[in-house]
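In the two assemblies presented below, subunit A is common to both, partnered first by subunit B and then by subunit C.
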Partner chain A sequence: MTPATPDQTWVQRNRMTITPILFLLPGLLFFIVYVISPIFQSFSISLYEWDGLGQADYIGLDNYRELMTDRSFEVSLWNNVKWLVLYLLAIPAGLFIALFLNQTVPGIRLYKSLFFFPFVLSQVVVGLVFSWFYLPREGLLNAVLGLFGAGPVNVLGDPGLATYGIIAAGLWPQTAYCMILYLTGLNAVNPEQIEAGRLDGAKGWRMLWHVVLPQLKPATFIAFVVTIIGALRSFDLISIMTNGGPFGSTRVLSFLMFEKALSEYGFRMGYGSAIAVVLFLIMLIFIGYFLWQMWHDERVARR
Partner chain B sequence: MFPTPIQKRSRPVQITYQTFLPLALILWLLPLLAVMLFSIRPLSDFTNGNYWGVPSSFEMFHNYGRVFFESDMPRYLMNSVFITVPTVIGAVALSCMTGFALGIYRFRGNLLIFFMFIAGNFVPFQILMVPVRDLTVSTGLYDTKTGLILFHIAFQTGFCTLFMRNFIRALPYELIEAARVEGVAEWRIFWFVVLPLMRPAIAALSVLVFTFIWNDYFWAIVLTQGSGAQPVTAGITSFNSQFVAQYHLMSAGSIVAAIPPVAMFFAMQRHFIAGLTLGAVK
Partner chain C sequence: MRSIIKTPLAVLAATTMLSGMAVAQDDLSGTLRIFSDMSNPAPRAIIEGLAADFDAMHPDLTVELTVVDREAWKTQIRNALSANPPDVVNWYAANRMRPYVDAGLFMDITDWWDAGDYDGLDSVRGAMTLDDRQWGVPYTYYQWGVYYREDIYNELGLSEPTTWDEELANCQAIIDSGRSCYTIGTRYLWTAGGWFDYLNMRTNGFDFHMALARGEVPWTDERVRQTFANWRQLIDMGAFIPDHQTYSWQDALPYMVNGEAAAYLMGNFVVPHLREAGLTDDQIDFYQFPIITEGLPQGEDAPTDTFHVPSGAQNVEAARAFLAYITSPDVQTAINGPDGLGQLPVNANASVADDEFNQQGFEMLSQNAQGGIAQFFDRDFPAEMASIGMEGLQEFMVFPDHLDDILGRLEQARQRIYD
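Then we have the complex of A and B:
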């Protein structure tokens, strides 16, 4: 850095402080107004009974007490657990497809893109495509089942099956995402280590487990992050495919919150916010873990 | 390379692989292929129960023509364009700046601000919903494209900052130091030294944000309601209630809604994938 000389202005002398502030300001301001402060506002709104227009009444923790006895909250929470657990299947499934496609045969690039492209479709389109796929009369699923003599199944009409049907639809793009992460990761795997493993007689599963997977760790981490976040954010598919039904059996917290706060059943902003807070706290466990992990990497990189 | 290259395996294994490849692809895309088939069938096929046989006639132009000329679909598509493009420009511009500030300068709170951007990017939308909707209503921006654009820019800035900052970190720092020794002003370093090197990152983020915003549904239904401002993801539900149970038209409609991001992906594949892996997996 140039030493400060008397004829420099205040701005010039402090440019290393002023420049980053000026560059950060617009983005930071936007982010604080629209993302950071709403989080805190939601916490406070959750302590009120408010229809979004009139007077908001402070009711303390009553919204949370009501949640404890709300049957639909229990169903939604349980469905969130199903989503979380089953959505993680996208990771091994993506790895499997990536291994299948990691070859150099003519046209393989096109195959990779075509396997990936469900991820580019909007969840709305995925939801529509799958709800038509499941249709009892016109749907392809039942046409295929019919070939094997199995009776028609109304996947989305059956309270016991509907959630699984929606999760399966969600797994389609999510698996594609994990696949592309692993394909990129496999490209960077050190060929010398593979050769060394081969010389030591490692093959197939053992090679995958002991030599390849450790090198794919960064890919696995990102796959884990995006899959967990995706599972807890599930909303579009449910809204499009069943709209929470049948009999509220496919609701998850994100959907229940929307329904309570902003639908024809009444505008209960406070109660909705309480649900959002619970969802946020669940997510916070994961966010905390991800950030801790990234912070750790950042520290290592600095040394 | 893992698994063992197919060329080194026996002939039967190679043939099996080559036949399985297209079969697996067809199986993978089956639900979508079904919708494509639906979208070129005539209505009479559905009333006659001919769902999976050869279409009795190919009505591609007729079906897609009706989507474009007898519904609000073109309007929704235009809304999507006018929401997506400004968001991409805004979010990428803001994050070039934040990324530059966080990637180049050392100051107290640098890492803290960076992690705030990352954390905000992971939160559930529902925790933002009530206050953001309230803010949008009170500024008179409810049911306008501007209201939606402003929120999208703010939210995407989180992800874009993460990406840009890491990208700038990987640039050779000597370049900046050399420029400083020459006495180049800081903003000129940003404009003439760093920005030209950020082109690949800008391309990757633009494609990614384009897809994210085009495909957004939640904020579209929270912040807009009519065909005046709603993007195509939200508009498709009213489209479907206009043509209820006419599967040939609904299929054509959803294919039309899906095409722009798909085209974007196929045109800019390399950038797209570089962006998705967050640059962490090289």
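Then we have the complex of A and C:
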């Protein structure tokens, strides 16, 4: 930096401030237009009765009141909870596969890629494969069950089972994702600490719990984040495998919102927005936690 | 031209155009923009041929055709009509027009109907009417009914049922032979709507069915319950294939093709699929849904596909000529023929293709449907009622015991939707 001289212009004097602002500006602009403002728009549309074409009528909180009595909303909300809880199984499952694969035997790269394979597949393909797997007559699942003399089950046709069937399909690629995160994490585990633990007589579970897992904490955090995001992005699997059915028993909030607001029979923009607002508030809990966690970690790291 | 159309003086506009048309067909100029949802292979060839022919007929006119995927169009039409609308679009008849009529996006073409543009279309005018005005023209329709395996019926010594008792007796015989009476795939719900349409029209009549569609009758009404009670007779017998909630309507076809089910309540579009799967015309036949309540004139489902002119159309004159062209007897005969859509022409002066099923369907609709012609569950009921309703119908078919709960839910929806 040249020393300040009186004949410098305002831009030259302030360029340390202006430059980052200029660089951030395009991104910020798009973020405000495409992310921030739609959030507030949803809040305001949710107070109207609007079909997207004609006049929007202000109806206050009526959409939310209707949500309270809407059975399909209740079912969808519970399904969201099931997704969030059961999807977390991908984390321990991924961890154990990673531990299992974290050894040096001939051909381990091949095994690793085979385990990683489902994550490469598109969600649509995963959904299709699993819906064939579950087919009531021709499906592989019932063929296997038949070998053990168990009766045929129509997983995706049974309102009590269908959601679990879809979650199981979603866990397949999600487990692979968590496995990869842990495999990279395991590379970073300090061998000296393992050595020290071994000298102190730690083995098996105690070694895993007290020595390895604490070092995998960053990987666990990322796995948690991507799994929660994955659970909230269950739309494609549901759409492919059951289309929300049978009789709406597999819908989650995002699917319900799509059906009410944007599908062939929908176009209740206000009601759809009200669902979106509820979904946003649920996500806000997680977003808040993630942000707090990251801020906390950074503060610890800086010390 | 545009400024005239935009004024409320539609009558003046219509007269100017009519005189223009009477003098010469060929003063059409500019560009005619058509957005069509005829995206399946056969319909696509039809609309492309129509656009090319119309273009050739009018040297000064350029026809621009955009074909949109049929399913995607169901949601895209909203954008297409709102911003820079084309001159002609595809859509569906009856209540399905409601949102665009209410929003003023479809042009009121009652004057064109009154001026005699559509000679021979009187019988289908009702399907294009909302609020006593006409909002478009039909170009094709098709019958619904029971398509059955003639060879299985012959093997069991059964004949086409005309009454509910015969129907139940036939069905029992089919079940006793180890088959299901009906194949159906309710995954996408609407197939269950077809069953309800017929059972309700046969149990309570066409007028009652339409009153229900207009929201004038509660779902918890005793007459509606009677419809479901009749339906339940079939369900309890095991008339329908198991696990139908998992299948699409195409997935359900093999049951009929392989002879595991004897019949399919479906629209005429099922015939090419059955033929392609290897069934000959000796093996397939068609009968009208049997009578349940004696003395009720029969109502039939016959969904109609349509053309409309958006209110914001630029080249209204050309659009009007195109609508007249597409509904004219010769064009109707050609596009609905066996090489075309294989469906029924909307113009009474057109001829019906020499096809067993088209002929039977035409005869049924023109002579044996005094009750009236319905469009279909999801076109007669308002969209929202239709979607909630069809979900309830599917649930009923799987868990008939949930009926009270289902009807209560539908009634709650009715009170909110129609008020």
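Just so it is clear, the second predicted complex is superposed on the first by the 293 of 303 C-alpha atoms of A that agree within 3 Å, B and C clash if a C-alpha of one lies under 4 Å from a C-alpha of the other, contacts with A are read in each partner's own complex, and residues count from 1 in each chain.
The working rule: a residue touches a chain if its C-beta (ideal position, glycine included) is under 8 Å from a C-beta of that chain, and two chains touch if they have at least 3 such contacts.
Note that this is a predicted model, so its numbers are computed, not measured.
Looking at the superposed arrangement, the partner reaching more residues of subunit A, out of subunit B and subunit C, is B.
Of the two partner chains, subunit B and subunit C are each touched by A:52.
In the superposed model, A:71 makes contact with subunit C only, not with subunit B. Looking at the shared chain after the overlay, A:246 reaches subunit C, while subunit B stays out of its contact range. Touch criterion not met for A:62: it reaches neither subunit B nor subunit C. Legend: residue contacts after superposition of the two complexes on their common chain; A:154 is shown touching subunit C, with no touch to subunit B.
Of the two partner chains, subunit C is the only one that A:266 touches; subunit B does not reach it. Touched by subunit B in one complex and by subunit C in the other are residues 52, 262 of subunit A.
Residues 1-2, 15-17, 19-21, 23-24, 26-28, 30-31, 33-39, 41-42, 45, 52, 99-100, 102-105, 111, 113-115, 117-118, 120-125, 128-130, 132-133, 138, 140, 143, 172, 177, 180-181, 184-186, 188-189, 191, 194, 207-208, 211-212, 218-219, 221-222, 229, 232-233, 235-236, 239-240, 253-254, 257-258, 261-262, 269, 272-273, 275-277, 279-280, 283, 286-287, 290-291, 294-295, 298 of subunit A are the ones that touch subunit B when the two sit in their complex.
Subunit C makes touch with subunit A in their complex at residues 71, 74-75, 78, 82, 99-100, 102-103, 105, 187-189, 242-243, 245-246, 378, 383-384, 386-387, 391-392, 394-395, 398, 409, 412, 416. Put simply, subunit B touches subunit A in their complex at residues 1-3, 5-7, 17-18, 21, 24-25, 28-32, 34-35, 38, 46, 51-52, 94-95, 97-98, 100-102, 104-105, 107, 110-111, 113, 115-120, 122-135, 150-151, 153-155, 157-158, 161, 180, 183, 185-187, 190, 211, 214-218, 221-222, 233, 236-237, 240, 247, 250-251, 254, 257-258, 261-262, 264-266, 269, 273, 276-278, 280-282. Interface of subunit A with subunit C (complex): residues 51-54, 66, 69, 71, 135-137, 154, 156-157, 242-243, 245-248, 259, 262-268.
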